[in-house]
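Each of the next two complexes has chain A plus one other chain: chain B in the first, chain C in the second.
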Partner chain A sequence: MAKFWYLFFVPLFALLSVVEFYPIAESVYLSLVGTGGGLQPSNYVAMVNDSAFWNSVNISLLYSMTSTFIAVGLGLGLAFLLTENLRGRGVLEAFYVVPLAVAPIVVGTLWSPPEMWDDIQTFLHFILGQPYFNELSPAFFFPVMAYSEAWEWGPLIMLVALSVISSTPRAVYESAELYGASGLRKFRRVTLPIVMRSPVMRFVIVLRFMDAMRAFEIPQTWASWVSSTTAVGSPVDTLSLFLYKLMFIPTYNFPIGLISAVAVSLFLVSLAAAALMLGLVRTIGGR
Partner chain B sequence: MGEGDGDAPGPAPGRRRRVSSRRALLYVVAVLAVLNSFWPLVVMALAGYGIDLAPLFSGKAVSYVAGVPFYSGGIFPSPYYYLFSIFVLGFPRMMLNSFVIASISIAIAMGVGVPVGYILARVDIRGRTLVAYLLLALRAASPFIVIVPLFVTYSSIGLYDTYPGVALAEEMLVLAVVVWMLKGFFEDIPREVYDAATVFCKSEWQVFTRVAMRLVLPGVVVTALFAFVLVWNEFLISETLTGAATKTVAVGVWSGIGETTGVVKSFGWDDLNAAGTLAFVPAVAVMLAIRRYLARGFSLGQAR
Partner chain C sequence: MVAIRVEDVWKSYGDDAVLEGVTFEVPDGEFAVLLGPSGCGKTTLLRCIAGLEKVRSGRIYIGGELANDLPPVERDIAMVFQGFSLFPTMDVLENIAFPLRIRGAARQAADERVREIAKTLSIEHLLEKLPKELSGGEQQRVAIGRAIARQPKAFLMDEPLSNLDAPLRAQLRSELKRIQRDLGVTTLYVTHDQAEALALADKIGVLNRGTLLQYGPPQDLFQAPSSAFVARFLGDPQANILNVSLRSGGQPPAYAIVGDGFTLSIPEALGRAVERHAGRGLQVSIRPEEIALSAAPPQGDSVQATVALDEPLTLYRLVTVRPGGGPAGIKVLVAKDARVEAGQGVWLRFDSSKLHFFDRETGRLVV
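What follows is the complex of A and B.
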């Protein structure tokens, strides 16, 4: 075909060089510069020996797994409601997608202690006579953090599920109805397997997990509540928050080698996720 | 979506009662789900208006922060906090900053991305799949691998806290989304249209400029709006690369309104709510306007 189309890759690669290739190369280089100059893996050794790093690896993994799991559950639940021919389905759907539009930093604020929890605390205490619960214990705030993340992204799972459902031939569902399956049963036995096996849904779940692995805003708001904005190693330190603190808390002296080493390691791990996603895109492909 | 919903078989006579109570339950759950999605936003908007609903339960609002009961709020409706955010905390300036940064980065992404989207969708040249995959794979990169070098470089060449600097950095968020969404919109144009265009136009180039570009224009608008909200809501890149002069809305909501490190936030809460409301209202409005395309946007063009 006409070769001139290749010209349009020139600005693309120019842009990518500035905002991706050069910074990534620079990060790799910075991560390999040792304290005494010269290239050596000392930053990676420091990273592996850093307990705060492993703390945030654990927290990020736990956070991504819980929030992705809840988001999938929430999204499928909402999708089920919207496939039940309720009146006002369009209005319901509009309400359900609203969280997708809210900035994550606002989501963190929405679910922080004085926002709704004081209403709930007051209700439980004065109406039901319960003692106050401690909003700053990890057993409370960690699930809340994971739920806030899921609250925002569940609707995406819902939208994707609905698009998979609408692109499946109706005959599939009709034959299920013919066998007497209805409502929840039909959804669980027929719709759910179709939705969860579709490459698009798997792609979105992998993408969501990967994005949750670098969650920053919601843990950042909670860091302020649990008074852990001045040191790394706190129970809200996801990997992004860990790196952010290393960058901006003055006492750490901007350890750029260590930060780059962690960022490069994360990049290598995320390439594995990218490979998984690309495999799914090939399956979706042909369009 | 939405078509063919009316053909559910009617309930058998003996099951009617059970079925209708089941429907009622479904409606209850659906309304609870609406509350779940929307109530937190209502609480925020009200709190920004000086209204805390907890006193309805008790006469006083108690929160339990840092181990001690913490009396807050009450019902004192007042536009004060909204006005304060707008006129004193400089919210319009932050909105302008977000708007300028988003516009620059969307303009760049469109200029680069529209032809590339077309190539990925329509032009059969070698290496295009590779380019498409490369963009997706880069989307997987953690922002920090890019932010740290950019932060250092920007500081030394004077791009830190400038519109072009931040707008460029936002490309790592926007570019892949724009290209993959546009690819989808170009693919949505029926094959017959392209076939007819090939007959009438002198060259492939004209098919692109005369036919495809015009038909894809609504898709370009949707993509731009979507990218706009992405940049509007983005926090980490702008928090790192903006300072006082170019602080964006998302950053301003949090750090512009009284963040200090190491102290529990017990101040400026109503201002924060007012600012948060001002931040989410435009984003929600735009996203609702293009809600048919949200799945496509957030799934990088994979879901239709």
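What follows is the complex of A and C.
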């Protein structure tokens, strides 16, 4: 019996081939079927020559970097506030964690013109007598988009920072206080290095960055408010939104080969990111 | 370098009183040790002096200055903790230099000072290592080095050796004492290990359930314990604490104490002194090394007993005997080569001037 051990893996591989291997293989195949028939890299050539594709690569990178950066700043700031012995710490903590539970599409809506900015415009204009600002210009809404993404995920960074802080013996922080560093100075000189050098924190930052690279809902909300963003190549086109537009906007004529080429490229980037994260996980687990 | 004075300090967590009116003083340059079982409040007391905890009431003076409302850093005190307390992201040099650099010392001056300190602690070869690359003993040396770099008015030490293995603990203990003598820094040290306390202390305080039972030079506590708890806590092997009652009779009255299986006559003066408390139940303490054991009946008053157990220690043997064949065990130290074996009949002689009498209810000293 011992030599038929591999039979036990048959159901697993059967399942995986249907739900995983087949779709991947199909995408790779479709991305290689050229307009002239036969297997050729013409879709990839078309992709790298497509300015709308490069636009969305840039938008995604900028969006991910900005929102991750702000989220880390927010999370660390909140963690600092919560480690200082403030009254009502528990209430604050609960309050800060709420955004984590909100669906991204709701976050996008919350920070959109009709939910927020129209009211602010009204207040500024009619109460304070200020002129209207253009809430539909990319210079305004792109930072708002990145910030709303960060607003949702900053609390995650905060929780991770707090858990790293509390896993270090209390005597470390007390020593800092006894030896002359308290408050912000203690945070900067002692707490922050501990948090930022922890593999868990690094893992979560990479994870957050990769997740922001896939962002769809928040950019999609803005795409539906700002009429100039319906076409591909607009300032809200993250890679996911770019793919979505190619598939669902009839004027593009459903370029399945190009879509597959983009999808396969994204998949390879995800694999590279997963390898990086796996490395970090092994560091966390002590190799 | 200054004196630390603690006056009637009370501290509680919720409804649990942790410190109940503790008062004592560590004179300038002395090494004082607070000794007590775990949970007695000794660490809390240390943390109150450091400023890491607030007292409920009472006063803490550091160098004559009332320190109750000062934050830790302004108390100008260094503390060595029981467990890990080094900055994990800094190497040894940066750790020791931290108190200097944070006050704006130049890097070069700080480095020089760190090297000097490292030399006295024999950790010069570790300066570039991270704390996690060090052994427990090395970590505590670095923590001590960091405390020295602080140039504090006083050292507080919270069981700094208790996480180390025995040989290292003895070695670092001697070094600590040498360093304290060299620097002449007022030091308050907390431990549950009475041997450590006796080895280090100019003064020992015994703390139990938030109350300081006795505070003074080690010999005073050893020879004149103020309570049964102190008598039992100091000394290894532990003192015998026996339940006894007083018997008197005759003209002039002859006094004797009666315990489980034995009767021992005591001098009249002692008997009169004890008599005032006789109705309330007594305990007597006698140290195992202060009992003379012989295989033949000695001259004068003695107690007959049977050997129940014989435990060889490094320098002596600890023999447990049962007087009059009763169930009570008395421990006696005898010479390594004494001819004693289990089941043998022996005679015990007590020096009545070495006996301490305590009230059985309160544990307080009677005579």
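Odds and ends about this structure:
Here is the rule we go by: the second predicted complex is superposed on the first by the 263 of 287 C-alpha atoms of A that agree within 3 Å, B and C clash if a C-alpha of one lies under 4 Å from a C-alpha of the other, contacts with A are read in each partner's own complex, and residues count from 1 in each chain.
Keep in mind that, in the parts below, contacts are C-beta pairs under 8 Å (C-beta built on N, C-alpha and C of every residue); 3 or more make two chains touch, one makes a residue touch a chain.
Note that the coordinates shown come from a computational prediction; the quantities given were computed from them, not determined experimentally.
Of the two partner chains placed by superposition, only chain C is touched by A:Gly180; chain B is not. When both complexes are overlaid on chain A, the residue A:Arg189 reaches chain C alone and has no touch with chain B. Shared-chain residue A:Asp119: touches chain B; no touch with chain C. Set side by side, chain B and chain C differ in how many residues of chain A they touch, and the one touching more is B. Of the two partner chains, chain C is the only one that A:Arg197 touches; chain B does not reach it. In the superposition on chain A, A:Thr168 makes contact with chain C only, not with chain B.
Look at A:Ala52: by the touch rule set out above, it reaches neither chain B nor chain C.
Overlaid on A, the two complexes show chain B and chain C touching the same residues of chain A, namely 177. Within the complex formed with chain A, the chain C residues making contact are 50-52, 71-73, 77-79, 81-90, 98-99, 102-103, 143, 146, 150. Against chain A, in their complex, chain B makes its touches with residues 1-2, 4-6, 8-9, 22, 26-27, 29-30, 33-34, 36-41, 43-44, 47, 52-55, 57-58, 60-67, 69-70, 72-73, 108, 111-113, 115-116, 119, 123-125, 127, 131, 133-134, 136-153, 168-169, 171-172, 175, 184, 187, 203-205, 229, 232-236, 240, 249-251, 253-254, 259, 261-265, 269, 272-273, 276, 279-280, 283-284, 286-288, 291, 294-295, 298-300, 302-304. Those residues of chain A whose C-beta lies close enough to touch chain C in the complex are 168-169, 171-172, 174-182, 185, 189-190, 193-194, 197.
The part of chain A that touches chain B in the complex is made up of residues 1-6, 8-9, 11-12, 15-16, 18-20, 22-24, 26-27, 30, 77-78, 81, 84-86, 89-90, 92-106, 109-111, 113-119, 121-123, 125-127, 132-136, 151, 155-156, 159-160, 162-164, 166-167, 170, 177, 183, 200, 203-204, 207, 210, 213-214, 216-217, 220-221, 224-225, 227, 229-230, 239-240, 243-244, 247, 249, 256, 259-260, 262-264, 266-267, 270-271, 273-275, 277-278, 280-281, 284, 287.
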